[in-house]
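Alright, structures below, take your time with them.
What follows is subunit A paired twice: with subunit B in the first complex and subunit C in the second.
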Partner chain A sequence: MGINLLYPKYEVIRNFDRCIECRVCERQCANEVHSYDPELKRMVADESKCVDCQRCVALCPTRALKIVETDNTFKKNVNWKQQTIEEVYRQAESGGVLLSSMGNPQEYPVYWDKMLINASQVTNPSIDPLREPMETKVFLGKKPKNIELDEAGNVKTILEPQIELELPIMFSAMSYGSISENAHKALARAATKMGTCYNTGEGGLNKELYQYGEHTIVQVASGRFGVHPDYLMAGKAIEIKMGQGAKPGIGGHLPGRKIGEKVSQTRMIPQGSDAISPAPHHDIYSIEDLRQLIFSLKEATNYSKPVIVKIAAVHNVAAIASGIARSGADIIAIDGFRGGTGAAPTRIRDNVGIPIELALAAVDQRLREEKIRNDISIVVGGSIRSASDVVKAIALGADACYIGTAALLAIGCHLCRKCQTGKCNWGIATQREDLVKRLNPDIATKRLENLLTAWNHEIQEMMGGMGINSIEALKGNRLMLRGIGLSAKELEILQIKHAGE
Partner chain B sequence: MKRVYVNEEWCLGCHLCEYECAFANSGETNIVKAFKRDRKPIPRLHVEDAENGIHFAVSCRQCEVPYCVLGCITGALSKDEKGIIHIDENKCIGCRTCMLMCPYGALTINNNKTVTKCELCTNNNQEPACVQNCPNNAIVFEERE
Partner chain C sequence: MLREGEIRIPSGCAISGIIDRKGRRCLNGQKIVDSIAIMHDRSNGLGGGFAGYGIYPEFADLYAFHIFYDTMEAKEACERYLDRYFEVVSYGIIPTKSVESIQDSPMIMRYFVNPLLTKAKTIGKVPIDEETFVVETVFYINSNIDGAYIFSNGKNMGIFKAVGFPEDVGEFYRLNEYDGYSWTAHGRYPTNTPGWWGGAHPFGLLDYSIVHNGEISSYDANRRYIEMFDYKCTLLTDTEAITYIIDFLNRKNGLSFEDISKIIAAPFWSELEHMDPAEAKKIKTFRNAFSSLLITGPFSIICGFTDGIMALNDRLKLRSMVVGEKDDIVYLASEEAAIRAVCQDLDYIRAPKGGEPIIVRVEREEK
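Entry: the complex of A and B
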């Protein structure tokens, strides 16, 4: 259709002094950027197909390659940025909704980076985690208001089912379908080894992975894919997904070409058919309806599994959370607007929802004010990037964190944000067999274990610095945080003081 | 004995092992230099690529009963006390009898027209280069029953 107005975004820079024409780049690129020209006797590249996933760069044995952003520019305009103009071109070309994946990459404030953590000096001793015990174990679920004893002094109070975690970090929901079988396997094994949980997402659970059930959170989403009694019983907890941070208010769509034999069996839908998750749950229009689903699931599992309700962080999140706490849910999971996704409309991902830091502070505050904080545990996700983000989240009132993007990065993801194409060169967000096998779950499991081990060490170091030896004592301990460069309103919402106060 | 094994389930068919093998046995210290010579170094293993997406690297199996050694007419091939089969370039006349005898197609002709084969990198004093450099742990060096 006329002139192509889009100039390739990246340039493939090849150092021909180093290139030995081994053609690894060509074999490893699912986007078919590289090829060998026998007449020129050298490698050539079609950069218009390059997504900057860095696979070729990582595998080139002579480090002959680098991918750089093109410096070809349209005339500078602060209002009409190059990307904005290009998106108009793309839509004028296709007539379609723009699709993106992974988390919101736009320049919004990151509140984690505007909070600083306290440490002990002189009057209260810090603790060395290498020499003294340091507790990072957490229990998620309803906590009893009081303990009743019988005449003999035995505890009469029945404790609601809990999830026991060795560290306050879980892997967030990523469905089999959006990520590969090998990625799922690695998450399951690493969660089991580290004493935490991973989450099936809405794609059901492959029978082979039932063995990791004690460390699995099974999800029930609006599409109800793969939900059956064995599935519900297989997990440690059940999560009802009401919303997702990357795309609050809208559903999901896994294209039919990703529904191969195994995905079809797991999701319980025909091969090649599109898997469409509706935007709402068609049976939930109120907190009372949500309560019905929660208790249907509890009934189906003999009240043995805690039920999590996951929502996206949106404007009146505190009121919604209060309703969820009263609906009988054991845990609320809140997903911030930077949360990742395998595919979402760009406009939604980049413009809908609120930061998790503010949502968390508001929810914790509201639940405390209403004296129902102990009725429900809070799990937050949506761009937890490091151990310090975890510590800050817990000090703001979270019981535990979900990590998704960080886990994928650990197993090779380079955030090229092209998951929706299904051609992930790292074998993560793909169902193409030749690409899936690129992710050896043995290697990926080890890397995930390493990441969690490292973060747990760092959490312990930071806790020790504050003179705290149990994660419980850090929970909601906002005196341990100070804001930096924040307005009075922001500090008020976060309920923290400014640095220097 | 420890041998090189291939888990074809994880072999990507990237062929990096071939290049790393050739480099390790080239005597050069720099991989670029090794391949910028007039005659490129020859790898001692090769990757088979089938059309159905199966790939695996083939190298000498270090057989218990090595037909190549039995067939060698000059005594260039020999099996050492560890069970590794070595080639003595000075004795090899390039008759290729061993290549015909080998059930795996694991022997190759080198640039100097003598036969070359995998000696588990014992000749260059390291863990096998193919194993060390496989990006997906598809090639392993281990003891198996």
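Entry: the complex of A and C
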């Protein structure tokens, strides 16, 4: 029926004066947009398949290509936007749930952009990070109530296991399966080089990557894929994934076509079978069950690894965090509603959960009021987009940040948000060998190192401007923030003053 | 205009300290006044104060409460409270002298008291110790009795402070009538003023008194941490937060002043590589466990306590401070001139490095 025809969202604009018919675009496009028409003797495009990943644009040697959003529109309607109408058509046709990838792209407030950072003037000096030490090392884990010293004045207290990071940024959980082997390799190597950690996600750990264990957080999710004693012992810490910001309350589904030989071995499931992570952990229906899993994992690893509990930022997040802090977890990771995903139901991604800024402010304050903030470290993600987001997160009270989307952007992702198709032209969110090969792990490693190095420089510059020369003096230092354009209620939740106050 | 505690006011300052290593009560209050007076330009007349140790030998075992009252009602309410929980052994007005530049004085009273622990409430079923009880009383009165403010509450020590230049404050309180073994002084240069006497320094808790020059950039990180341990930062000043940190680490955690300096002005990570492994491990443990007690930004502090004095700079030494000594008397000040003003022929004078604590303990022959 004609109503099912949706005009392509993007138009491929080809400058035929520049096109040399080298057919790079054709070879590079896994979506098969481009082809050569021998009768017309020129390149043609099937724009209905285009996802605007910019691969052809980037590789066209003569810059003959650009992708533009179409100006074909339905009659304008503020209530019934074009996308809304198209989604109705698609669902009327398929009867299915709409799927999307990466983080929530809708127009909700981004609180990072409504907070401003302080700097020193006159009454105290700013510090030049090029001339003075500017420290960004952080420790994640439970802090002792007090430190006991022996008679010689040496430390007697044995600390709970800690993660030591050279900078307050880690790579967040992205499973092998949802992203490619080369992407995982690059994350592991860059984390090792930079003195931080990456996270396996729920897909187990490829044998070749065990060598980076000291910089690996191994995840245990509801599907328990790839979980075995060696895996648990391999990492620096263990993360129990209770939820994900992009899809709170929802499990995961890695389709069988992405489960090739290596993914199958790593996940410990048959090749070609769907990998389904249930929505809840079926051994955790309440907080007391969580405690049992935390201590099972601690027992299994001889109390040598800190346990992280990762949750999505939802309405009651402060109370949940308090419960987690009392359940023996060493670290809580909170994932905001803008966090990325390899695939999520669109309605969930775009409508469930709350912004990480508000969740972080509420959790940090609640844990302090209950005097249990030292029992647990806080890591936030979803989404941290720049060094200034990191600075603001730490000033609100985070110990460290997780970055996922930013890390993928660093290695080539163009945020076309079609990960679920498995045809990532940049070799990241795909298992197709020809596509995976496109991602050179050496170059990707270097780019990730560059990103962290650059961000760390920027963090140091901002700290120096505030007259702070160690990141711990920034943690929870909310006087360093001011709100801009926020309501009294928002300021109350963030516990910051408005600019000018 | 908002009063101190309702708004955070940055300020620069002058500090000075003098201590006799032998613990002899040989230092007249005039000496510290003469020292701080020379640094007149480091203050702007909006706050000055002193702390003296060993000044109340006749009541050495009693807590000396110095209290400002704004109204008679506040005085009555506060005295009712004190009568209920303390044995008031002696009390009276703190003698003052009329000084032209010191105006708008509140009522200033002094009480020598003994806590009646039998009447004290208990935390759970555990009876609380005397010092905790005194601290709780101070917090209670300062935050609940409007117009009453306890600004000194140690034993055999006292704080004297006002809005004015420090030398005028010294004259106002007639400090030449007191002798002690240790003194500290403070001249304040706030960027604005609420004109409130309680906002002047030193800040005291039990026998700890702090004078501080600087503006710490870690303030809110420090404050939000220390408030988890039942301290109430009502004044929003650096000095108040630093006092609580020292009380927390020294009295509650039993750490020495040497170790405290390694926490609040921690060595840089790069310095640990050249240290003895046991010491490096200790510092790493401290920096991990007490990370939120690291103080950054410029500061020089002199912390007085019954057994001595600690002077400390921030680890980058962003504020001036010098130390000198002559015949068992140690002098500390923001500027060398303040030491030379009271002692010309010093055995040595030097500027301690950033983060290097100067700790002087009195060696008493008898006690």
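Quick notes on this one:
The definition used in the following text is that the second predicted complex is superposed on the first by the 495 of 501 C-alpha atoms of A that agree within 3 Å, B and C clash if a C-alpha of one lies under 4 Å from a C-alpha of the other, contacts with A are read in each partner's own complex, and residues count from 1 in each chain.
Going forward, a residue touches a chain if its C-beta (ideal position, glycine included) is under 8 Å from a C-beta of that chain, and two chains touch if they have at least 3 such contacts.
Everything numeric in this text was worked out from a predicted model, so none of it was measured.
Legend: residue contacts after superposition of the two complexes on their common chain; A:L165 is shown touching neither subunit B nor subunit C.
Looking at the shared chain after the overlay, A:K437 reaches subunit B, while subunit C stays out of its contact range. By the touch criterion stated above, A:T62 is placed in contact with subunit B alone, subunit C being left untouched. In the superposed model, A:R27 makes contact with subunit B only, not with subunit C. By the touch criterion defined above, A:M242 reaches neither subunit B nor subunit C.
Touched residues of subunit A, counted separately for subunit B and subunit C, are more numerous for C.
Shared-chain residue A:D17: touches subunit B; no touch with subunit C. Within the superposed three-chain model, A:I324 lies out of touch with both subunit B and subunit C [touch as defined at top].
Those residues of subunit C that touch subunit A in the complex are listed here as 8, 10-12, 191, 214-222, 224-225, 227-229, 253-256, 259, 266, 268-270, 278, 281-282, 285-292, 294-298, 315-316, 318.
Across the interface of their complex, subunit B is touched by residues 17-18, 20, 22-24, 27-28, 59, 61-62, 433-434, 437-438, 440, 442-443 of subunit A.
If you check the complex, the residues on subunit B that touch subunit A are 9-16, 19-20, 23, 31-32, 35-36, 53, 133, 135-138.
Of all residues in subunit A, those touching subunit C in their complex are 120, 123-125, 127, 132-133, 135, 137-139, 143-144, 146-147, 149, 152-155, 157, 159, 162, 368, 371, 373-374, 397, 466-470, 472-480.
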